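Shared between the two complexes below is subunit A, which pairs with subunit B and subunit C, respectively.
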Partner chain A sequence: MSDLSESLMLLQDVTKTFEDGNRTIYAVDHLDLQIRSGEFIALYGPSGSGKTTLLNLIGGLDRPSSGELSIGEYQLNRMSEAELTDLRLMEIGFIFQSYNLIPVFSALENVAFILQMQGVEKEQALKQSREMLHQVGLQNMENRRPAELSGGQQQRVAVARAIVSKPKIVLADEPTANLDSQNSQELIDLMKHLNQTHKMTFVISSHDPQVIDSARRKIHLKDGKIVSDEIVSD
Partner chain B sequence: MKQKTAEQQTMPIHKSGNPALINRFAWRNLWRNPRRSLILILVTALGLMSSLFFYSLMQAWAKSMLDHTLNSLSGEVQLHAPHYQDNPDVEHSMLLTSSQLTQLKSLPIRDFSAHLKLPAMIKSEYETYPVQLLGVEPQTGRPLDFIRKTVHQGQFLNQDSTYQIVIGAKLAKRLNTDLGRKVVLMSQGNDGKLKEIGLTIVGLYRHSDPNAEAAMVFADLKTVQNWLDIDNKYSEITLNSSQPLDIQQILNDTPNSPLNRLKNRLKQAFPELDVQTWQSLQPFANASIKMMDSFNWVWIAMILVLMLFGMINTLLMSLYERRREFTTLYTIGLKSSALRWMLLLELVWILAIALLVSWGAMIALIASVSDGIDLGFLSEGAAWFGVDRILYLNIEWQDWFDVSAAMVVTLIMIAAVPIWRSTRVAQLKPSNRIA
Partner chain C sequence: MLISLAWRNLWRHRKRTWITVAAVGLTTLMLVFMLSFQFGIYDTMKEQNLKLMDGYAQIQQSDFLEQPNLEHSFVYSDQWSSVLDKVDSLSAYGFRAQTYVILSNNADTQNRGALIMGVQPDKEPQLSSLAKKIISGRYLQNSDDHKIVLGKQLAAQLRSKVGDQVQLLGEDRDGSLAIDLYEIVGIADTHIPELNRQLAQITLSDFQILFAMPNRAQQLVFMTAEIGQAADLKPLVMPQLQSLTDSDLRFRNWQALQPALDQAIELDLSSAILWYAALLLIVILILLNTLYMSILERQNEFSLLNALGVQPIQISQILILEIVFTTLLGLISGVLLGMAVTEYFIFQGITLPGSEGVFAQFGLSDTLYPVLSLLSVGFAPAVFGFGLILLCAMVLFKMRSLKPLTGRQL
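Right after this comes the complex of A and B.
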């Protein structure tokens, strides 16, 4: 893993527009942003401020209307859809608000899914996934399917799935929105712990004050622009 | 793409995904809504089974019609004197020399029969009826087997059957006569005069065609030749080619078929005679068999359309319900092509299970009717179509494979359209879908 100071992601004058009839909506408006390895970032702002659109751009799910966007040596603008899919598989972890686990797979299989898709042999993938579930505190629930787990447990599985392959960056979109405050805090603590122990970069979009307060870098978005970018010293 | 560290990655990236994983995923998806999958499997199996059953039934019907046609002394190829077809009387009989007989036997045939087939009147002490008299050599093998088997009272003719006759049970009833009684036959002799002969009924036969049973009578060839003063003359020679005729040969009738090759050789060997195949002599049977095959495929197409409605409807419902999941999978790195394969595999699993169920059910069904399907309830209607009363269904693996493959491939091809549409990258983009 890289040093904290190393630049991981660079957005230069990035704009994302959507057409609504004759009107052009600027979801992300001429935005410049540098994300360094090992950061724990909260993106916050009102609904429609561009948080999710920004996450989609960073995750290679959407292409900017203009501007340059790169992760490490990869220029996302110049990559094909297939290459972007490979990039997401290999380099980016995703955590969703509604967990979005595969319902027909057990917790262990859900986590191992990413590794197996990457080409890791099944036994090795299961071993690594078991260890990861242990790290997120679900060592006894590996054979349960998502429907047999609570919301908090499902989100822990989702976290394990996102980080099992040691991605460069983990993107989380409202990860605590469906959790009660206790589970939210536990999840935040878990993500912070993983961030510190694995030096893994987290970018979390959230309305949740618990998440925002725990972040070391807080980026406030409004109308697709960065209103404030605050780094909290330890 | 960057290389993972040894700790993280032990194998190179599989660009098309992990086939075993995708297959496992597809199989598990099949059972996420077991009732829906089972209904889909059942409906597909029923559709396949009904197509296979109908196909087998029609094949059995066509086979019965073919056997019936060829067994009624038609043979696959016939030789006649010129103009016999226009006027089948004694004047249009032909001489068959020993050298011609030798030549005939040298051809690629499995059997032949030379006989007299003439119009005659049969008279009992009560009634008189027109009949078709067949003067046959009793020792002739295969062509006469069918009538030998159907003699249910008395016996068929033999070498000592001079002045004996075998008639149909229906004719016997009409004539108000019976086994052991005498009848008188009248026909035109070689000299143009009407001749009579008294014959004893030694056998009564039954025939699936009631008209044939009332019209065809069999007498010893020599007796008839002597009676009508036409030594060594025959009115018809029927032959069967060395390669038994089947339905596929009829459907794929080409100038180079074994039957047409035999016909051409016969024309060369006997240029003075009229050579015709059964198709030209029995055009109705020939057309019916071909029509049945077409009807088979019309039926299969109808079943397919019905199945497609059900399948596409269920598939669309399933695809719509899982849009969010597809987006998640795409987001975490599953390529749209892998997703497409997964959905197609789900369909393939459903079809494979349905195929096994339908084939198993068909084998069981055919085993349960191994004694044949009695068409007695159709009565004379079946006879009118020229089929036997009992139909025997057979397991025709090649036909089953063809029918099943046609249906399965069509279903996959058509179902692939909504699958392809729902897994396009534009459809998988999260936009506002993922939260």
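Right after this comes the complex of A and C.
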């Protein structure tokens, strides 16, 4: 077990249940987890194992039924909806399976949107976003709208949007699910590169062996519980 | 950023946006024109009714309106003219007196009750359209002595024509018998049978002699360039004229002179406004439905924005801006087009074929002219403004329960 002072995120006895008729389903079952700053984690397991539910809890998109959950000094389970929304804006980056870019904005505007919502001046936001698009290899496509980009390119824009504000943690749910293997590998390489260069923490939920193999920490989930938590040494 | 997002969102579904803009625009256009047309009819009714006899305003002896008899008259002098001539907005004024009499034809075979009016022939053509409605003979002149103008039906009932004499029998201000002979110099057709049956005019000087009313009149009739200017005359003339006479004077605007016309217009306008408001309400409900469907349809989009860290109140702002843009586009185009169409008909006039007879009964010409007013231009925007508040309230209500995207939705 690592030193708690390095801890970025701490889950203690976290449970998330859903009611299905008279049955209570434990999507996350009394789970303890510590995520350290700069980690590159893959959550894997069969469908229904609780990967996505866990990711939702970590991202402040959902609330635990019981247990304690914190990111840095923030106690997620004690925050209001408005505070959680602010936390997502300021501290968490999301990469979605189906990209979920804003269709009426160009690639550059999609990336700058988060910064501007954070209150960064427009010119500064565009400058930072341009640099970020350059880093993800889309320097010539900043004015294209999502519909004018390929799936791989759209996911790169989504990555740029997720990391442009230097969040504490980036969460990705099945980011390669809609990509071919070549684009998947490029995306994984990009995320690993950003993880190494920016020391940014990535938590990726995936079925994709390419993603799981590339992670330095692999957490295997089954029935809402951690079956194995393996750290691969460099 | 939010403004830009809202504006661009509008054009994601161009057809839907244009249909909504067209619904707002066409309704606004129609209402601007319809209300202007209605105000045009009202103005024509007021103008033609008031120009026929009453003028746009009057000064009367205080009890004359309730009891129009010779007792309720006022004394005037030449000084009044020096006061009135200084009022720029006054285009014409003149004194009148009136009473009920019995007229008989020369052979004394026919008798009829009539409203005999004493008028100033040189002033009257600017105050009343009667001089233009002479169908036989001529109108009165200042130099006339014992001459009379009769309404068409009254002349027919007396079986008299221009050049014939009629005998006038009445009671003067002192209660004595007033009787004299008058030569018919003109017959007028006002197109209002009731008026044609009792109309008789002589010069005011003849009237004052016959009815023992030296320097007395019952009405001081005013005309201004616009009917709206008449109400402003009161503070300009009343204090000074009152100081020149012992008689108790009252200023009467057109609503006091023609209360039935005023009430008819009020009633008609009220019912029209109700109908138009109902029409607008239907359009607003359609917009409400479109917006509701749009919110449901775009639930994932809003939840995504919320997941990214956009507060529900900011998402509401985006939606409200979209609604405001759409409504403003419709309102601006509707108001401008409505004004353009109305202006065209203000210039051209609107003739309703086959309705000449109906309009003539009310003294209206068969060509009507719409009138643009603040109410005709502002009514639809005001009601849509109210509708906007409803729409915004619905948006805020729906967004209260917004949740961020979760699970595989991501």
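The rule is short, and it goes like this: the second predicted complex is superposed on the first by the 229 of 234 C-alpha atoms of A that agree within 3 Å, B and C clash if a C-alpha of one lies under 4 Å from a C-alpha of the other, contacts with A are read in each partner's own complex, and residues count from 1 in each chain.
We take it that a contact is a pair of C-beta atoms (placed from the backbone, for glycine too) under 8 Å apart; a residue touches a chain by one contact, two chains touch by 3 or more.
Just so you know, these numbers come straight off a predicted model, no measurement behind them.
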{"item": "Clash or fit, subunit B versus subunit C on superposed subunit A", "value": "clash"}
{"item": "Touched partner set for A:166, first subunit B, second subunit C, both or neither", "value": "first"}
{"item": "Which of subunit B and subunit C A:121 touches, first, second, both or neither", "value": "first"}
{"item": "Which superposed partner A:105 touches (first subunit B, second subunit C, both, neither)", "value": "both"}
{"item": "A:86 touches, of subunit B and subunit C: first, second, both or neither?", "value": "both"}
{"item": "Touching partner for A:232 - first (subunit B), second (subunit C), both, neither", "value": "neither"}
{"item": "Touching partner for A:72 - first (subunit B), second (subunit C), both, neither", "value": "first"}
{"item": "Touch count on subunit A, higher of subunit B and subunit C", "value": "B"}
{"item": "Where subunit A meets both subunit C and subunit B, residue numbers", "value": "56, 59, 61-62, 82, 85-90, 94, 96-98, 100, 102-105, 113-114, 116-117, 122, 173-174"}
{"item": "Subunit A - residues contacting subunit B, complex", "value": "56, 59, 61-62, 72, 81-83, 85-91, 94, 96-98, 100, 102-105, 113-114, 116-122, 124, 161, 165-166, 173-174, 177"}
{"item": "Complex contacts: residues of subunit B adjacent to subunit A", "value": "1-2, 4-5, 8-15, 17-18, 20-21, 25, 28-29, 31-32, 324-325, 328-336, 425, 429-431, 434-435"}
{"item": "Sites on subunit C touched by subunit A in the complex", "value": "1, 5, 8-9, 11-12, 304-312, 314, 404-408, 410"}
{"item": "Parts of subunit A lying in touch with subunit C, wherever the complex brings them together", "value": "52-53, 55-56, 59, 61-62, 82, 85-90, 92, 94, 96-98, 100, 102-105, 113-114, 116-117, 122, 173-174"}
